[in-house]
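Shared between the two complexes below is chain A, which has chain B as its partner in the first and chain C in the second.
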Partner chain A sequence: MTSHADAAGARVPTSRYLVATPRLRFWQRVTWRRRVVPWLFVLPILLINVAVVFGPAVASVYYSMTEWSGIGEAKWIGLDNFRRLFTDDSFYRAFRNNLIWLAMFLTIPVAMGLVAASLLMPVRRGAMLYRLSLFLPYVFPSVIVASIWRSLLNPDRGIGATLSDWGIGGLDRAFLGDTDTVLPTIAFVDNWHFWGFLMLLFLASMQNIPADLYEAARLDGANRWQEFRDITIPGIRPTLVFMILMTSIWSFLTFDYIWVLTQGGPAGASEVLSVLVFKAAFTQLEAGYASAMGLTMSLLAGLIIGIFIVLRKRGWEI
Partner chain B sequence: MNLAFVARSRLIVSLMLVAVVLSGIGGFATVRPATAQGGPELTMWLDVTGGSTVADCIVNDVISAYNAQGGPQVNATLQPNGWTATQTALAGGAGPDIVITPGPSFANELARAGQIIPLDAIAQQYDWPATFAPWSLELGRSGEQLFSIPNEVETLVLYYNKTLFETNGWTPPTTIDEMMALSQTVSDAGVIPFAHANAEWRPANEWFIGEFLNHIAGPEVIYQALTGAIPWTDPQIAAALEPLTQLQTNGWFMGGLDRYYTTTMADASSAFAYGEAAMKIEGTWFQADADTYFDEAGQEWDWVPMPSADGSEIYSLGIGSTYSINANSQYQAETAEFFNFYFSPATQATLVATCGLAPAPVTIPAENLAGLDERMARIIDRLATAAAANNYGYTTWTFFPPRTEVYLYEEIEKVWAGDITMDEYLAGAQAIFAEEFAAGGNPPVPARS
Partner chain C sequence: MNRPFRAGAARRGISLIPNHVILMLLVLFAMGPVVVLLFNSFKTQAEIGRNPLGIPTDIVFSNFPEAWDVGNFSTTLRNSGELVVVTVIGVLVLGGMAAYSLAKMNLPGANILTLYLLVGSALPIQLFLVPLFFLWQRLGLVNNILGLSLIYIAINSPLAVFLLRSYMVQLPSDFEDAARVDGAGEWRIFVQIVVPLAWPGFLTVGLVVALSVWNEFLLATVFLTDQDKFTVVTSYFNFTTRFSRDWGLTSAGAIMMILPIVILFLALQRRFIEGLTSGGLKG
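Up next is the complex of A and B:
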């Protein structure tokens, strides 16, 4: 028989405690149930995440420092791929296009979403219909949306041609075939599908603003613009800032609409970093260089997140 | 203590652990279903990214016939993005027994990675050198060994709307000068000279680059450039691409650069069939769809060799796919046996005549091609004759290293847009080619005898 020390330090038989407090098996203990069991529940998804996200992410860091075709052995070349990036005109051009894309998506859909949400806020009759119709494009697959818009933008059979037949000229142009108009045109198509999503989020956020704030403002003589500026915007600031953050990150990852509509052409006028990465990895058999570009994109996204964190720590209300 | 809760927790945790262990095992396991006969089953992934019509035909008319012989069975899977799937599976030590790649440069990479096996002994066993055209097996070499069998021999020709030509009294050109003069005549008549577009397939640019290089500079010059004997900045190469730039800037491809970049293949083919456009430089693959458009329009098409500088008949060789044996295959001998069946003249005749597939580089007896469209049969015959007489050129997707190829068809748009000069364009090509050539990444180029 074993023994334990009691509160006074005297040795007493264990059987005395077994009678008072049954010995618990390890899975019956509170520590196990609170600290270990929850982890076991998330373990499967954690393992999957490690296998398909974390593992490849770490691997891509390694491959970014190799010369690798995507097939067979990789040859270690240190930072050569990153040095090459700094001398690659295609990379600079694609990066510039990403910045233009970012500027477009941080302004146009955000502004459209805010305005539409503000206008829809007081609407009661048919509100669901309006919201649904504006949000609906977001749920369509991007490939379908892009294919439909390619037909609509056809200079001979699309909207422009129809308007031209009605005497409204100037729009029967090949917008996707002109280096000056191709990027804004693809952004227009992407925005057509995207801005309703922003509108819905802003609207949901606006509905949480207490109505008495608006009433008080009206009593003080505030007009609609002043209500919007001084009540609505501060009231939805967390949502607004979060969506600006996400839109910034998404702008560096944009791929589908550009790939379906132009594959980066003509003459590279719509090429962005993700398109460049795809081509390098799968058509030029330069998976190592593509990894370096992909890692650079991740660093850019990390930079954006870092800026937000720093601003928040400095007291910005974001 | 809630004992029921403890019991449930134990059960759930146990099931989770079992599931985790099993999912880990399942992730690495390879399942090989048993065949009806219990014998070897060879796996094959047929790419259906562009549609499944041809793949269905291969399965129904060729693989079924092979399986009916009662030996090893071939299990063909229709696989979207087949090459990407194959590449990924091979890297993981799995993949189909029969490895199909989009061309010799890709097979070359697999060979260098040790993911496919050498076929030299098998080639001797089945006497493939007697079956295949001499140049073709050279294309499958990596270093000194044969690793892949070229399949789907393609070339490009000048198609023309025969009805439109006869109505206007135009004659198909035989030289580049005649083609340029005819383009002006066609344009003056209010007809688009060429029904070309790349909206859906931007690499279509390389069809024209390859044709102008081979038919103006000549195959010998391109061979020298591909083997590093002369640089891509050679004046003969620049001169060969100038007429292409002229055609584009004149708006003779689909009516203008913007239309060239935005017109779909279907619209371009339709314009060609209805006589809104007169000619089309395209590959043998166009014939599979040509009748669909022309029958609907009630007009006729025909073809002539792509015009050359001096009027000589030159055909650029292209390989649509290659076949190899997976290094991890359990059934390498059986796969070789299937290859011997698949690349036999009789099977190839079925693939050409029934499935509309371009033939492998084997000699198909004329009687086996009975029923094939005369125009297609004529191309097969002329191409085989030209290749045997060394009058063949080099398509970019078969003979050029991957980065150089992509550079050529992407950056040419900057020349057409006036962003860079032809000299700058070719200097860039030379820089990239030199890197790839030095690294040994260029596909094999058979010596010109």
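Up next is the complex of A and C:
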């Protein structure tokens, strides 16, 4: 910077040099401070983010078209990985499981969150205690939640066994070991931890609905259900829609609970796309194929966002 | 906000008893398993066989020191602690700088940066996980606390930048302007004026990031494969598969892991809830 200023100043006569240099320096200082310094503040986090997220994300587009074990050279094979993917039965089964998971998470936790939040709204005594205890499971790590429920669902010593001692039979089954029940069971465990979060968000949003709307509804003789349908739901619509969108994306990327509880078993009955990616990359050493699956998964998640945007443009009130 | 509504409900004699009944059932659903976990951590193996869900009849404390030893907690707590500290400091310092630049320095091209961070935060981990792992392996950053911290910093930074920016935008700029006139550099203004004024934002972001790093499973499993680099979470996963029959031990281990989170959460719940709900970016 300084050397540049001197070089520019050296060509002019001494008398003007004294006047010109401070002006030049002043403008350069301003440029430095207005244009360069702000980027210097952003640069470190940007570099880290590019190295971790953006660079590898772009690289995975390339690797998805190669045969690559993760070590050594990647061999270019064009679209073969994708051809293989679309004829792979385990991919379709995992995709179907993702859709079932999505359907479960768009209904049960959303309904539980809405019911609990609207019941909690008018409560004053003990409101804080209710809120904290319903939300607390959300802060637990997945491995703990999984371990708690693995014990409680144990057919010999868990809830089912205790109930059958009391004469209520039929629940002392190995829910996690049965191909028919494993996926809903894992979803149940994940939801135990998750729904309190939705409740809290819905509650925060409901508290912003003007109270006189409820007053007016009561004067018109509305019952609880009509209040809920005509005031509460429209009042929290933006939060509701946003959370439905986010829940859709998350449930498409779900990994932790399935991996911790069953690693996709038994016999692949609880495999979802993220589990397939993990297995392909780190146990079968097919990093190229795993990249192709990861990319496909991301496109599917992107498709969900796309559908939302299109529906909104078409004038759906979501 | 809802005060008049509540008063109205009471005045018009609308009964809240059904609300309390249903809410208590939900509390039982949410807290019951946690209470059973606490009970079991005080039982002997023999008692769990007889009484797997109820109140312990004779309380033993031996599960805790035993779980501490076999679970290798002294090592894993240190690893998790280092990860949390390095990540939180990194996110707060680097994310804070970026937020300051966006909020107060009129960054040229701010829209591009915002868009980049938005898109970046929406990309699923599975998209970049595989190439990232093999890149990190080549750089010697696998089985390295700092290597994993860098990933956590990158992943948590978009949320941190947006949250801190929204805090800083609300700050009055009188102090900074005065400092600028006095010739203070941007770094000094950031450290000495903006950070002290925006500290509640830093605290909120720090808590949310600490919680997510403490609980994180997928990346920790992939990037820390050495036994002596395990975090409490990944080590607990191995521990429960090894001692799956010994509920006293696994319950005691679980209680030791969640106790710090629960205490911190209850002490600072307002900040936690504010951070978790305003971001809404983590499942």
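As a working rule, the second predicted complex is superposed on the first by the 278 of 318 C-alpha atoms of A that agree within 3 Å, B and C clash if a C-alpha of one lies under 4 Å from a C-alpha of the other, contacts with A are read in each partner's own complex, and residues count from 1 in each chain.
One rule holds for everything that comes next: a contact is a pair of C-beta atoms (placed from the backbone, for glycine too) under 8 Å apart; a residue touches a chain by one contact, two chains touch by 3 or more.
In this text, all values refer to a predicted model and were calculated from it rather than measured experimentally.
Asker: For the combined arrangement obtained by superposing on chain A, do chain B and chain C clash, or do they fit?
Answerer: Partners clash after overlay.
Asker: Between chain B (first) and chain C (second), which, if any, makes contact with A:263: first, second, both or neither?
Answerer: first
Asker: Just checking: does A:188 make contact with chain B only, chain C only, both, or neither of them? Give me first, second, both or neither.
Answerer: A:188 contacts neither chain B nor chain C.
Asker: Comparing chain C with chain B, which touches more residues belonging to chain A?
Answerer: Touching more of chain A: C.
Asker: Would you sort A:176 into first (chain B), second (chain C), both or neither based on which partner it touches?
Answerer: first
Asker: Quick check for you: in the superposed arrangement, does A:228 touch first (chain B), second (chain C), both or neither?
Answerer: In the superposition, A:228 contacts neither chain B nor chain C.
Asker: Under the stated touch criterion, which partner chain does A:115 make contact with: chain B (first), chain C (second), both, or neither?
Answerer: second
Asker: Touch test for A:283: chain B only (first), chain C only (second), both, or neither?
Answerer: In the superposition, A:283 contacts chain B only.
Asker: Figure out whether A:82 sits in contact with chain B (first) or chain C (second), or with both, or with neither.
Answerer: Neither partner.
Asker: Pick one for A:73: touches chain B only (first), chain C only (second), both, or neither.
Answerer: In the superposition, A:73 contacts chain B only.
Asker: Kindly classify A:33 by the partners it touches after superposition: chain B alone (first), chain C alone (second), both, or neither?
Answerer: both
Asker: So which bits of chain A does chain B touch that chain C touches too?
Answerer: 33, 37, 41, 44, 51, 70-71, 150, 154, 282
Asker: Name, in rising order, each residue of chain B that touches chain A in their complex.
Answerer: 1, 6, 9-10, 13, 16-17, 19-20, 23-24, 27, 84, 87, 90-91, 105-106, 109-110, 112-115, 198-199, 202, 256-262, 264, 267, 402-403, 406, 410-411, 413-414, 416-417, 419, 441
Asker: Would you pull the chain C residues touching chain A in the complex into a rising list?
Answerer: 1-6, 8-9, 12, 14, 16, 18-20, 22-23, 26-27, 29-31, 33-34, 36-37, 40, 48-49, 52-53, 94-95, 97-98, 100-102, 105-109, 113, 116-117, 120, 122-135, 137, 150-151, 153-155, 157-158, 161, 186, 190, 211, 214-215, 217-218, 221-222, 233-234, 236-237, 240, 244, 247, 250-251, 254, 257-258, 261-262, 265-266, 269, 272-273, 276-277, 280-281, 283
Asker: Residue numbers of chain A touching chain C in their complex, please.
Answerer: Interface residues on chain A, with respect to chain C: 33-35, 37-39, 41-42, 44-46, 48-49, 51-57, 59-60, 63, 70-71, 112, 115-116, 119-124, 126, 130, 132-144, 147-152, 154, 157-159, 161-162, 192, 194, 196-197, 200-201, 204, 207-208, 211-212, 214-215, 218, 242-243, 246-247, 249-250, 252-256, 259-260, 273-274, 277-278, 281-282, 287, 290-291, 293-295, 297-298, 301, 305.
Asker: With touch defined as at the start, can you tell me which chain A residues reach chain B in the complex?
Answerer: 22, 24, 27-28, 33, 37, 40-41, 43-44, 47, 51, 69-73, 150, 153-156, 173-174, 176-179, 262-268, 279, 282-286
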